[in-house]
Every structure is written in structure tokens, then in C-alpha cells.
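The following blocks contain the structures, represented as C-alpha cells.
What follows is chain A paired twice: with chain B in the first complex and chain C in the second.
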Partner chain A sequence: MADVAARNPADLSTQPRSGLHKLMQRKSTIAFLMALPLILLITILVAYPAGYAVYLATLNKGMTRFVGFGNFEFLFGRDTFWLVVYQSCLFAITAVIFKAIIGFVVAHFVHNIPSKGQRKWRGMLLVPWVIPPAMSTLAWLWLFDPSYSALNWLLGFFGIEGIPWTGEAGWARFSVILVNVWIGSPFFMIMYLAALKSVPEQLYEAASIDGATWWQRIWYVTLPMMRNIIAITALFSLIVTFANFDIVRVLTAGGPLNSTHIFGTWAFRVGIEGGDIPLGAAVSLFMVPILAVAATFILRDITKRGSEV
Partner chain B sequence: MAQVTLRKVVKKYDEVLAVRGIDLDISDKEFIVLVGPSGCGKSTTLRMIAGLEEISGGDIAIGGHVVNDVPPKDRDIAMVFQNYALYPHMNVYENMSFGLKLKKTPKDVIDQRVKQAAQILDITELLDRKPKQLSGGQRQRVAMGRAIVRDPKVFLFDEPLSNLDAKLRVQMRTEIKKVHQKVRTTTVYVTHDQVEAMTLADRVVVMNGGLIEQVGSPNDLYHSPATKFVAGFIGSPAMNFIACQLEQAAGALRVRLNDTLSFPVPTERTARYSGHVGKANLMLGLRPEHIAETRPHVEPNQHDFDMVIDVVEPMGMETLVYFTVNGREVCGRVNPNAGATAAQSMKLRADLSNMHLIDDSTGKVL
Partner chain C sequence: MVSRKVGRRRFVAGTAVASAALVAAPFVRSANAAGKLSVGFWDHWVPGANKATEALVKEWAEKNKVEVSMDFITSQGNKLLLTTAAESQAKSGHDVLAFSTWLPSRYADQLVPMNDVMEPLIKENGAVNGTVEYLGKVNGKWLAVPATSGSQIKGPCSRIDLLKKHAGIDIQAMYPAGAAPKADAWNLDNFLKAAEACQKGGNPFGIGLGTTSDNVDTAGALFHAFGAQLVNAKGDITVKSDPVRQALDYYKKLMQFLPPDVPSWDDASNNKFLVSGQGTLIMNPPSAWAVAKRDAPQVAEQLWTHGFPSGPKGRYAPFLPYFWGVWNFSKNQSAAKSLITYLSQASSAEKMTNASQGYDLPAFEKLTTFKVWAEESPPKGTLYHYPNPHNHQTLSIAAAPAPHKIAEQIYTQAIMTQMVVRYAKGEAMDKTLDWAAKELEGFSRN
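So, the complex of A and B:
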């Protein structure tokens, strides 16, 4: 009916309406409309808070006056800030490396379990990742207790002196990283396990006929085939670990003497507990450029290699 | 010297016997094809030779040394897989040189060997491409190149052509034969395609149900199959099997198919078959090419009969005709100009000098 009407010369006046109609029919318009809910969601939940954080970071402590980069200048002059930068990098990088190594090794073990028993093991190994971190960290806090904990009791049993797990700077850093690795490794394990399963068995057979040892098979077949998953998982985990809050907050609250503070916890300490919200916002904004650089490098590598396989 | 010897080789998966104790001697430089329907144990046998499957019983020796417990990397073999198994992140040159690189071969030797193999296979201009950028046939060549470069004792092919289209398959078949004529390495080739087996092999090993049915040259298997299975498996269209009885009349033997149809047995076979007169479960085996249209000139042992044709299939150079005897479909190959028409009677001629008599209860060709 509609196209019969459109052929009628008398209906030429309806052209503007059909122009709008055409616009609505265009694929790009439809695509935009379908993406609109997501765009709105991102605007409300990401863009607005981010913009607001930037705005906050430019105010004075009382949030009454615009100070420009004043908060940032103040931070650059403080030793604690640089300590937090150092600790955040140390925490995130060390934890991600260990999570990746442990995840990779455990994924191999699970991959080699006959498929009947595999589900059970996969489920059990995922437990640390599934428990809310604040709760499991609380359990670790008890394990780390200097006088009454299981860990020091065990050490004492073997005649070794107790360790001040959260009481001394070096050990405290070790402890928060340990707990983070414990919680985060299962995620790596499950990602790497999925990647391992996607490597065709025949490539390993071909490699072993070509004369490769188990180590060479990992080096020349497994790792190159998993490269993208390894990179994406590491990037994702780096971002999450860098922005970590709950583990440090529950385990050490940044102590002793700020030696375990990372961006998230220090921003909280300065902004919420210290009552200087603009300064806290400025601290947390520092995560953005550091993570942006990491993300750019890793994602560029992925797009470069993505076309190969 | 690289002969391969299998002695009572058995493969058991849990309680299922995949290979039930096979013996096979493959001599140096020989091209052996293992052929059989899927699940007959041919691939398992090949993978046991490669060392990719453990042997449940028996011995496998390569070049005189028992290799039962030798890992694949130390067996000095090369294998071409059905889906090629090229390393997707390496280019063609790296794929081909990978084995040599692992053996710490000097770079210039690697370079020379890769280029030589690339020349044999005509893939020189593809050396820096990734497998993804190659067509199926090119990938197939690279997979073969990877095997040739290593100069192994034995080549193993696991259904290498089954992922190619029909035309390319014929082309690559010739290619494989050419390569073998050039490099002369002992080769074990697995396929389910009897045409591939016939065209490539020095000797064909027909397997069925985890056992070897028959080993022989392509012509042996075609003309003197030992069992009904081999007779039916080799040749396309397959051999016709018609239930029959053997009768003795006035010193001569006759195969009787039914009340109206019977043929005299060639006199040179009388002695061979005479012990089976009156036996139950006999079958006449006759290939479609030995059932043709009638011609004016009659050769010995050829006999005319009339049949109503059910289906006519023109193939160009010949026409296949199908008709029914004793409820079984029988195929014949006639000249395209013989005027075969469906639902019409036609005078056909059976050439009994190529007949086979089969005892259906044992599956043996008598």
C-alpha cells in the first residue's frame, strides 16, 4: 500500500516526512537507537562520576574554591605520595606476575586431569575467587595474627620464630600480595584453562614428532597460541589489582606506617577519613594515566597479532 | 635402512580392542597404504607407529630397533596430519624448519634443506606466508614439506587428502606419488578411500575390525581378493554379490542364481570349486565391469542373459545399469551407446572368467 501511494505525484508534499522515515530506516540510526541504553548507562555510571572526580580534584579542602592543579602540586611534594606510587606498582606488578604463573601452572595440572574428575577440581580451585574478598581477607587476618594464629603456631612447632606478618613493612607487603595472589589466581587459572582447551591437540602431536620436549612444546606451541589470552587477562588483572581496596583495607589498613598503602586505600584515608575529598579525588585520578599507558601497549600488541591466528 | 615391523600389535582402549594383534612387514623405501572403513584400527596403527598412542601388546620396530617405549621425538619419523597441524603463529619457512631447529641443525643447512624441499613441492614463493594465508592444497604441501625437510626414516600420512575437494585430491594424490618417487622414503599412508589406496600403494593393507584382511599389490587385491570384505571394499562401484548354488551336471559345474538364471563355471575352475557342490550360503561375486551389454563376438566364458533394467546412470564414458536378482540389486557397466533404458528389458553379457565364489558363512573367497 505504502509504495503505491508514494508513486502518486500528488503525494510529493509528503517528502520531508519520508525523509525522516528514511533516516529511521537507516542501519546506522537503528544501531544508534539500540546502543542508546548502554550509552546512557555508561554516561550515568562512568562518564558523570569520572567528570565529577576531575571537578572535585580541582577544589580546595573545603570544596569552596577552585584551585586548578593545586592538589596535584601538593601531592608531588609529599613523600607519602611517592611511597604510594611505588607500593601500588610493586603490589600490582608482583601480584599479577605470580597470579599469572600460578594460574598457568595450575591450569596445566587441571587440563591434564581426566575430564571426569576435572569439574570437581575446577570448582574447588575457584573457591578463593568466589568468596567475597573482604570475608576471606578477614580469615587471612586471623591466620596472620602474631600471637594466636595458625601460621605462627606452625612455625613455632618446627622451632622457627614467629613472623610479624602484618607488623613489619616488608612482611606486611608480602602478606597483602600473598592474599591478593590467593584470591586472584583462580581467575587466571580458569582463563588459561579455556585457552589451553582451544589449542588443537594435533599441534602438540606435530611438535612432539618434530622433536620437541615438553618444555619446548610449551614455549613454541602453548605460549604463542595463548598469547592474546595471556595479555588480556594480565591487563584486566593489572587494572583490578592496581585499583584494589578491600584486601589492603581489611588486612593492614595501609599500615604499618603507610608501608602498604596503595592508591585506593590512600585515597580513602586522605579523602574520607582525613576529610579532604578533593585531595582524595586527585590521588585516585593518578591511576588513570598509569593504567592508560599499560592498556595501550598491551592492546596494541593484541591487535597486531590478532590477525595472525 | 628403514624397514618397519609390526609383531602381534594390540591396542586396547579400556575394554575395547581397537587393534587385535596384527603382523606387518614394511620394507625399506616401500609405500604402504592402510585402508579400511572408519573404526577399523588403521589410524590407531599409524599412531602407534608414530608413538602417539601406547602399544597395549606386541612389538613395533623401526630400522630393526624395537621402539615400543621410545617417545615420538626419538623415533626419527615425520607425520602429515589430516588437518595439517601447521603452527598458525609461524610462517611457512618456520613451520618447515621447526624440527631441524629443535635438533640444533646449523642455519645454513636448514636454509638449504627448506629451499630444496620448497622447490620439490613448488612452494618457494610461499615461504614467508602464514598458514592462514594459504589455500587447502598449499597447506597440504607445506605439511609435506615439513616432513620432507627432516629427512626421516619413515613418513606417516594420516588421511592427508580428506580435507581437500575432489579435484584437488586427485591432483595432490599424483603429487604425493611424485614426491615419493623423488625422495624414496619408507611411507605408511592411511586412508579410507580405496581409490587413493590403489593408486598410491606399492602394497595395500586392507584392515577391518582391528585385523588385517589382506596384504597385497593393488592388482592382487582387485583380481584375487581373499575375503568377501576385500572383494566388496576394493573397486567402485562395488562387486556384486548374488546368492547362488553350485550344481554338477554332466561333468560340468554351473552356478545357479535362480530357476531361470544359471551360468556354466569356467572349466579351468572346475577342480577348484568341485568340493563345494550343493553347499549352502554360497555367493557369486562379479564386478560390474564383468556385466556388459551383449556383443556379436562371443569370447569363452561369456554368457548372455535378459534383464529388465531398474535404473540407468550415465557416467559419460560408461553407463551404469542396475537390475534385481534374487531381491538384491546388481550393477553392470555398459557402453553409453548400448541403449540402456529404465524399465525395459536388455540383453546383457556376464563374463564368468572373472567370477569369484564366496562362502558367506566364513567370508572367504573360495
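So, the complex of A and C:
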């Protein structure tokens, strides 16, 4: 395709064209100018803070001298840091797996509901995802309260002893993952539902004629057709879950015994609450390589899909 | 319109009269002649408590012709902490700001020395307690002035009826309203026995072991009662010591009688526990009582604020002061100091304390006997012992006397409560101490 926008032919023949004029006529220049506000916004809100975080992470505790990788070296020697790495991975991977499974199952249920009533179900199932997480986590905090909560009251009703949901390391980890799954599953559900709707009905008909069972139709038709969307959704969610802050902050504040801290919450504890901003910046930067790998996969997948289309 | 021509003689005469009038007139300052001042106060928990501060500031602004803008910044969600960090980084913001416990030392290099404000205030209102001096004065330099609004003692607040019923303790007789405490028997051994009795009676003590301030403060006071220091004043790590072992052993016993979820408690948990009617005792300023007065009056009628139990090394209670400080980038430092001086007068402090229903606590020695504490009810005299009027206990802060940079980390990372929970949950004493020593070693880096 020509990279020059259509112009008046008379102008072409009579007026000498300046370099700037030619440049402004290019589609790529126009595209750049139109994207410029967004580029500026990203530079101010993303690139600058990220660069500043890198700069901070290279300073000493008093922020008076350059220490290079000193903060990172220090972190490698801390038990709490490795606990945070473990918990961040456990939290993100487990939550994404469960969100994907639940989203996939629920999407199938909703897909099979007659279209007349489907809209209501879709709307209702999206509720956890559209409520601000800090608010819904607060509701969960009350549900998990060992002394006054509905959950322990229900357990007590059946003669089961109350559970210290946020008071014991294992249960606390379970609780933060559960809330994350509850909030994030509808996103998977809606993405998978969209993918399911785009699978041509003829493929299922052909599979039925070939005598395929329910499971074979899922395995050989549905899953291959949804492969790209599953990958993209899972990777996108992995990034968001790794960078989570609000759920852990509201529900456990990283406790008990730092067992639920993830990078974001521990960076806040060390940097803002503890007054060691360079170390806090170094902790938060540990998310970058992990998220960069996930982002690379997403971008590769998108490119692949683009070339397939 | 008639125009009049002004001749030379008329002009000279007119100018002379005008000049004479100007010289003879009294000096009239225009409004806001002394410039502008921006102040960030802590947003009080107690409804209506900000109004006293607001009125005092307006009064001062009027008198001094200063244009003052006020912000009441909540500490909920660490908003005040974030504002302070942002202003420190940006070197711009409020002239006067409320600094919580550890922040004056954290921002020592950016705060204007306040010796010229503090010295006359101490002369007038009496000395401040050792904790205020430790937190607010570094190398002989006062970094900030202890604020009335927000400063508090987190002493025990007990149920009169339940303590009597389960443990046979008459807390009102021990801490009588209007008189000195008769609390020699109120020691850690009896405290433990009472905790056990109340737990068996179905109304346990509500002492949190989470990582937030209330939890850490209680642990700090109990560690002090054993003389247990994690790091000494010189910065040496002293965690592997007998007093620390004794404190951990004591806490392990105490933890058996506390609700099972105390490791996850935050600053609201103990309040809820008391107000719900389940608990017998919590460690808190009178905010829990104030909430009970509103939401559960039958509970409030049975609440009594009193002193800490004494340990082998004395009787300690946590004191958490707020400070008012002036940034060195403030453009109106003299007005800022003048305002702080005005707010620190006895009459101003009393107005703030009254508006907060006795919650706010001035740090100065002579300001602990306001009427409000003797008169607040129900029951009458419930807050009499709250401001420590008989100097019955040493006011302290967890992690002191460690150097500030280390102490702040010990406090915010809740090392003491984490040690207690680790040990109480079955970890070997030496392993717990090793863990703590390693953490403390990390805090010592520069």
C-alpha cells in the first residue's frame, strides 16, 4: 500500500514540495502524531516512574550515595525475601490455574443456557469482577473473621470447629488465593465464552457424525479452537496477579509471619512503612523480569495469531 | 461633566496634605499581611475532634493575619504516611505537617530544628516523658514538637464485671478514680493468672500478635517489663539474652489463653473483640470505649482504663506521640513555629483533649490532669488513670533504645510479635533468636 495520502494532482504538478510538507503527508507521520498524546501519557505515568524506581533501587538506605546492585545483593541474603518470592509464585500460579479451570467450566455452562436467559447469567456472573477489589476484599475479610463471621458460624452450625482463616499461614495463603480466584474467574469466563461462541457449529456437527464423544469434542474441537485465547488470557492474568496488591493488603497485610506477602505488599512494607525506599524499589523491581517473560509470551502469541489470520 | 484644571500651587498643597495624613495614620496591616501557611493535620478518629484544632488555627490566623489552609489527612490506608513520603521527595507541600511516631527521626535532615519552640514550652508545661525525647530529639536537636492531637497511651482497658467474675480482681479498687493506684499486686504473674481464668470463663483477654501498631506496642511494653532489648542504644544486637528469652517464655504461656486468631489481628480487631462483649481486656486508648459508648452502651458502662502490669524490670506502658514538624523547604517558618507554639499552650491542649473525649494526650508533665479525664463517663472516672496522672508507669515505645533507623525497622516489621508467634507455635527458642538476629543484622545496614 502506498505510504502517501491522496493529494490534489494539480498541487503535485504546480507546487514544489518541502520536506516537512512531504513528511506531514505520510500516513506514518499522521499515525505517530495521533498516538503522541498516548505516548506522552505512557512516558509520564509509566516510563518515568519505572526509570525513577531503577534509580532509587541503586541508592543506599539514606538515599545519599550510589550503591549499584547493593540492594539486590542484600535481598538475596534475606530469608524473608525468598519467602516472598515463593509466596508470589505460589499465589500467582495457583490462582491463575484455578481461575482458568473455573472460567472454562462456567463458560460452558453459560454457553449451554438458552440465549433468552443467558444475558442475565452473564451479568450476574460478572459481578465479582466489576466490584472494586478493595471493597469486595473487605467483605471477604468480614467473612473470614474467626469470631463473628458467617463462615465460621456455618461451620459451627454443623458442629465443625472454626477455622483461623487469616490467622494460620496455610489457611491465610488459601484465603488470599480464594479471594483472587473469586474476583478473577469472571474475566476468564467472559473471554472463554466469547471464544466458545466463535467456534463454528459445523465442526461439532462433523464431530458428532464421526461419532465423537463429549470429551472428544472438547479435546479435539473446542480446546484447539480456543488455544490462543486461553494462552493470552492466562498470561495476561498471570501478570496482573503477580502485580496484585489490594487483596493481600486488605485481607492479611502480609501476615501471619510474612507468609502471605507478595512483591507489591512487601515492597510497600519495606519502602513506605519501613522508610527504606531504595530497598522497597529493589523489591518491586524483582517483578520486572518475571512479568517481562510473561509479556514476551503474550506478544509472541499475538504476532503468531496475527500471521495466522 | 465639569473639569477643573489643577494648578502648580494647588498640586503642591494637595500632595503635602496627603503625605501628612499618611504619616500620621496608625499602621494598619492588610489581611494576610504575614503571608500564607499550609498545615497538614492528622485526621482524628473521634468524630468532631478536628473542630477544636480548626477553631484554634482560625483564631491564631485571625490574630496574626496569616492566610492558613488546613488539610486533615487520614492515617487510614497510610495516606498520611504516603503524603509525608511524597512531600519529602518532592521537597514541596505543607509548611507544618503531623508526623507519626518514627517520622521525625526518619526525616531529621529535612526538618527545621524546634529547640526555640520546645525550650519555652517545657519551661511552661513541664518536662516531656523519655519516649517523646527519644523520638523527637536527636543529637540535642528537637526535630518536632509533640502534638496533643493523636498522642495516646495504649494501656489496658478492662471489663469491670468480667474481671471480677472470672479472676476475682476489682480493677476499680486497684485504680480508684481520683486517687493514686493501689496496684502493687497488678504484676505479670497475676496478669497471667487472670488471663487464664478469663479464658476458662469464656471471655479471654484480647491481646493481638499481628504486625500492626497495637500489637507491636503491647509486645514492646511487655518486653520492656522484662528488660528485654533486641538492639541496645549503641546499635549492638542483644537479642540472644536472658531477658528476651524470659519475655518469649512469658508470652508463650500467655498466648495459650488468647483467642487462636491473634496472630492475624490488626488495630481494629481488639476494639471489635471488646465492643462485641466477648473480651475482658484489651490494650488500647479510649477509642474502643468511645465506640462502645455509641454502639454498645451496656459494655461501655463496664469499661475501665488503667495501668499495665509490672514485670521484673518495672511497669511500662506504650506511649505513641504525634508530632508537629516544619519542613526545611517551608517558606514561612516563623509563622509555622508561632502556630505550633500557640497550639501547644495548655489552654489549646485542653480544648483538643475535650473535643476528643479524652483521647488526646499532651506529652507535657503538667498537662495530665485536665478535668475531662476525671469526669468522662460512663462509668464516672473511667479515664482518670488514662493519662498516667500519678506517673505510675514508665511511658515507653517498642524497640527503644535502639538507634532510630534500626528501631523503626524493628517496629514496622513487627519483629517482636513475629518472634512471639514463631516461638509459641513450636519453633525452638534458638531458632527464633537466630531468625531475629539475622533480621536485625539486616536492619543495621546504612
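The rule is simple: the second predicted complex is superposed on the first by the 279 of 309 C-alpha atoms of A that agree within 3 Å, B and C clash if a C-alpha of one lies under 4 Å from a C-alpha of the other, contacts with A are read in each partner's own complex, and residues count from 1 in each chain.
We take it that contacts are C-beta pairs under 8 Å (C-beta built on N, C-alpha and C of every residue); 3 or more make two chains touch, one makes a residue touch a chain.
Please read these numbers as outputs of a predicted model, since none were measured by experiment.
Novice: Given the superposition on chain A, are chain B and chain C in a clash or a fit?
Specialist: Partners fit side by side after overlay.
Novice: Taking the superposition as given, does A:128 touch the first partner, chain B, the second, chain C, both, or neither?
Specialist: In the superposition, A:128 contacts neither chain B nor chain C.
Novice: A:224 contacts which: chain B (first), chain C (second), both, neither?
Specialist: Once the two structures are laid over each other on A, A:224 reaches chain B alone.
Novice: Which chain makes contact with more of the residues of chain A, chain B or else chain C?
Specialist: Answer, by number of touched residues of chain A: C.
Novice: Check whether A:166 is in contact with chain B, with chain C, with both or with neither, and answer first, second, both or neither.
Specialist: It touches chain C, and chain B stays clear.
Novice: Using C-alpha centres in the superposed arrangement, which angle lies between chain B and chain C as seen from chain A, in steps of 10 degrees?
Specialist: Taking the centre of chain A as apex, the angle works out to 150 degrees.
Novice: For A:213, is the partner it touches chain B (first), chain C (second), both, or none of the two (neither)?
Specialist: Only chain B; A:213 stays clear of chain C.
Novice: In whole Å, what is the nearest CA distance you get between chain B and chain C after the fit?
Specialist: Least C-alpha distance: 50 Å.
Novice: In the superposed view, which residues of chain A touch chain B and also chain C?
Specialist: Dual-contact residues (chain A): none.
Novice: Mind pulling up the chain A residues that touch chain C in the complex?
Specialist: Chain A residues touching chain C: 60-62, 74, 77-80, 146-148, 164-168, 172, 252-258, 269-270, 272-277.
Novice: Report the residues of chain C in contact with chain A in the complex, numbered from low to high.
Specialist: Chain C reaches chain A through residues 78, 81-82, 85, 102, 106, 210-212, 259-264, 266, 272-273, 276, 278, 405, 408-409, 412-413, 418, 421-422, 435, 438-439, 442, 445-446.
Novice: Which bits of chain B are touching chain A when the two form their complex?
Specialist: Going through chain B, the ones touching chain A are 50-52, 71-75, 77-79, 81, 83, 85-89, 98-99, 102-103, 130, 132, 146, 150.
Novice: Could you please specify the touching residues of chain A with respect to chain B in the complex?
Specialist: Within the complex, chain A touches chain B at residues 200, 202-203, 205-213, 216, 220-221, 224-225, 227, 305, 308-309.
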